[in-house]
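Presented below is the structure to which this report refers.
Read from first to last, the chains carry the letters A, B, C and D; within each, the first residue is number 1.
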């Protein structure tokens, strides 16, 4: 009984939902549409509540690290302090996140750190260009030439000073790259469709959290 | 009865479903389906061997997905990455290598812990302490966490199978700096080029899902891969038909596909 | 002797510490920021189509803007969003803003709106900011079927009480879908444009998404703003020099710098190989 | 600098905090082994991200989607709320499996909605779009159109997984071509990404130079 509840019930629910969601898209039948949109609403409400699980889970993992005094545990303690400050100030305003202190922290603490981590990519891209763009094989030549053309096409200065170059860049983007782009669009979708059909046959267990 | 404009999609869906079911049953009855070999999966043993030689750990991450495993585009990629973790952990345990797994999805922690400890127990190896680490479910905190892990632990192999955005290049460059052997795979088309360029072997797009199948060899995976190939074949044939039809005055073909 | 020196030199060039390159990069960036040259730029057809499509909309049309300004790429997305919103408000197009992927965009959007000249647009009648809604593509599908589905806007007002939603009930009543930067345009296309008869869309893509957007151009994607470069061109079209134009020299610098790196390393590599081959 | 002239306001403090944190993150590029500055900034942002998620995602949407509906008298909303609360059984050791039911709902709706849209927008509509590649009197355009068509078809064929080796050998010309054209696409992606990423660094430098130091 309990294995049924543990494994089969979640898998069956997932399978039925996939079926309903797909049927609603193909068959014009009003009750099906109502049912499908109700299920979608439910999923969004569940997802909203799931955020809390993620937060509790993350906090528990950090608290565990602090308890065991793992290396750098004091940084985890600092993390929890920051978390509490953000939550408290977030609820202080008229609506959520409207309080000036919260907005101040988002602007001067969260934003600079977040965007600086992202900005580190710029360094990595220079290093990658330096290391990886060396002519070795046929495909590396093609990669290099195509990247150079698009880079020049994108470079603001080139458009202004050498407009004659622009058609070449547009050609690469409009013709071969767009063609391959279409192919890639199709194959990613194929992967996703295959995945959903596996779930329809109750074969995709990790998606419903069936681990054992 | 049917929704206008969605009929062709429905037919393709039904045909694919039937094909997957058919081939799943065929595999169960003993039919063999050949899956083309993927060098990135073969190289996992080599990477672990290198870790064992140098006595350094190996790092694995299945990438980042907005809002956890349930994201319709990113989630499947991460889950495919976790199925590859199975194979990676087995190989790590066999070579006696300390494996570090960095995660961005709190709900994947239990799953990954179980995969890793099972693999080590099977080889009668002690399960490494603190092997599975949850960092953060937001993208850039996660990126920062993985980067500092890499810098601290100095692994000899950096394995990235899953879904990645801009952090792909950051991890790959950090691994490059540390002289890691790098294996990667992603279906995130936007950041695939970086991984293809900077890693030793890379799984492209759909190969990420097939990799799990080529390891598992379960009827469901093999049948599904064959079914997907049928869908692919349908897409190719329809493209050719539509193009021929539109050029030789048979516009009814295109109209048929618009149904 | 000379030959040996040459080999040492080429080795050095091929195995530089990347930190040297990074210092050059930062110095170059600082220089271009402090003393801008104002190099000329050219407007490409995708940006022009984007601009013309919004110009062609009659005043009073309704646009849904999915505008996720994440903190991480704030500096890259702010100019893009500024150009779009300024144009929409100048043309008196009604705007419904919704964020579906990044929760922090709500705070950043407030900051963006302070920089926009809204003219005599009235909140609730001419523009609405729904804020962030959880649920990803599922939420997008629900929102498209019923625009008041998120119930409340970012300021706690009930959506059904706002006059704008008397005119706009479902995605069928919308004239334009605007997709903000990042990987999100495909979700907009899948949930909002294709199911509602290929609704016209304009996409603000980061440069990397360009080859993926082209298969959908010109239907339903009517125009593409190519990241910060497109934004600069847009500012030129609007004749409103802003943030994006100020960054163009830095971008030209990084492009030129990378080309120099590639050319030098490849020349050195090929020549060393050639020499070695000759010796053998 | 205003802080030394006695005028201390929140903007000035904010700029200093932001600048210091920015430098902490930039210390990464030195790539030392144990970087406590980077770790400090990292744990700050992990905590901040968790905190704003609770406020802006959970609380706001619980208010908007659940409480507002319940106030209106839609009591059916109780069902998804109960289902959603089942998620919290994850923390009860013996009843963890109950959490799988809502996970199944969220996951399958996401994948179902995603896959049906992908099949329509990414496969069927893309197939139909091929019909716009009509041959005409313009030879250059014809060549281009044929290249677009073939690039698309070759890429799709390249990813065939389960072809028998004998069959696979027959399509080697196609897969080799596909490999090369894939690299054109990758190169275009690479070349297009640089500027989008460089802007981010420019943005940070802009902040340091203009906002913090007040130059210009």
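By our rule, a residue touches a chain if its C-beta (ideal position, glycine included) is under 8 Å from a C-beta of that chain, and two chains touch if they have at least 3 such contacts.
As the structure is a prediction and not an experimental result, all values here were calculated from the model.
In the absence of chain C, the touching network of the other chains holds together as one piece.
By number of C-beta pairs in contact, A-D leads when A-D and A-B are compared. The mean-CA centres of chain A and chain D are about 4 angstrom from one another, to the nearest whole unit. Each chain gets a centre from the mean of its Cα atoms; for chain A and chain B, those two points are 15 Å apart. One inter-chain figure worth recording: chain C and chain D are separated by 14 Å, centre to centre, where each centre is the mean of the chain's CA atoms.
Chain B and chain C have Cα centroids lying 28 Å from one another.
Multi-chain contact residues of chain D (touching two or more other chains) are listed as 25, 28-29, 39, 41-42, 45-46, 49-50, 52-53, 56-57, 60-61, 63, 65, 103, 106-107, 109-111, 113-116, 118-120, 122-123, 126-127, 129, 149, 152-153, 156, 159, 182, 185-195, 197-198, 200-201, 203-204, 207.
For chain B, the set of residues that touch two or more other chains comprises 6, 9, 13, 67, 69-73, 75-76, 107, 136-137, 140-141, 144, 147, 166, 177, 189-190, 194, 197, 205-206, 225, 228, 231-232, 235.
Shown for chain A are the residues that touch two or more other chains, namely 22, 25, 40-41, 43-44, 47-48, 50-51, 53-54, 57-58, 95, 97, 102, 106-107, 110-111, 113-115, 117-118, 120-123, 125, 127, 129, 131, 143-144, 148, 151, 154-155, 173-174, 177-178, 180-182, 184-188, 190, 192-193, 195, 207, 209. Chain contacts here are complete: no pair of chains fails to touch. Contacts from chain C toward chain A in the complex involve residues 16, 18, 21-22, 25, 39-45, 70-75, 104, 106-108, 110-111, 134-136, 138-139, 141-142, 145, 154-156, 207, 210-212, 214-215, 226, 229, 232, 248-249, 251-252, 254-259, 261-262, 265-266, 269-270.
Listing the residues of chain B that touch chain A in their complex gives 1-3, 6-7, 9-10, 13, 16-17, 20-21, 24, 67-70, 72-73, 75-76, 79, 82-83, 106-107, 109-111, 114, 130, 134, 136-137, 140-141, 143-144, 147, 166, 169-170, 172-173, 176, 187, 189, 194, 197-198, 205-206, 209, 218, 220-221, 224-225, 227-228, 231-232, 235. Those residues of chain C lying in contact with chain D across their complex are 19, 22, 25-26, 29-30, 33-34, 72-76, 103-104, 106-107, 131-134, 136-138, 141, 150-152, 156, 158, 189-191, 193-195, 206-211, 215-216, 219, 226-229, 247, 250-251, 254-255, 258.
Those residues of chain A whose C-beta lies close enough to touch chain B in the complex are 22, 25-29, 47, 50, 53-54, 57-58, 61, 70, 113-114, 117-118, 120-121, 124-125, 127-128, 131-132, 143, 184, 186-188, 190-195, 197-198, 200-201, 203-204, 206-207, 209, 211-212.
Touching chain C in their complex are the following residues of chain B: 66-67, 70-73, 139-140, 165, 177, 189-191.
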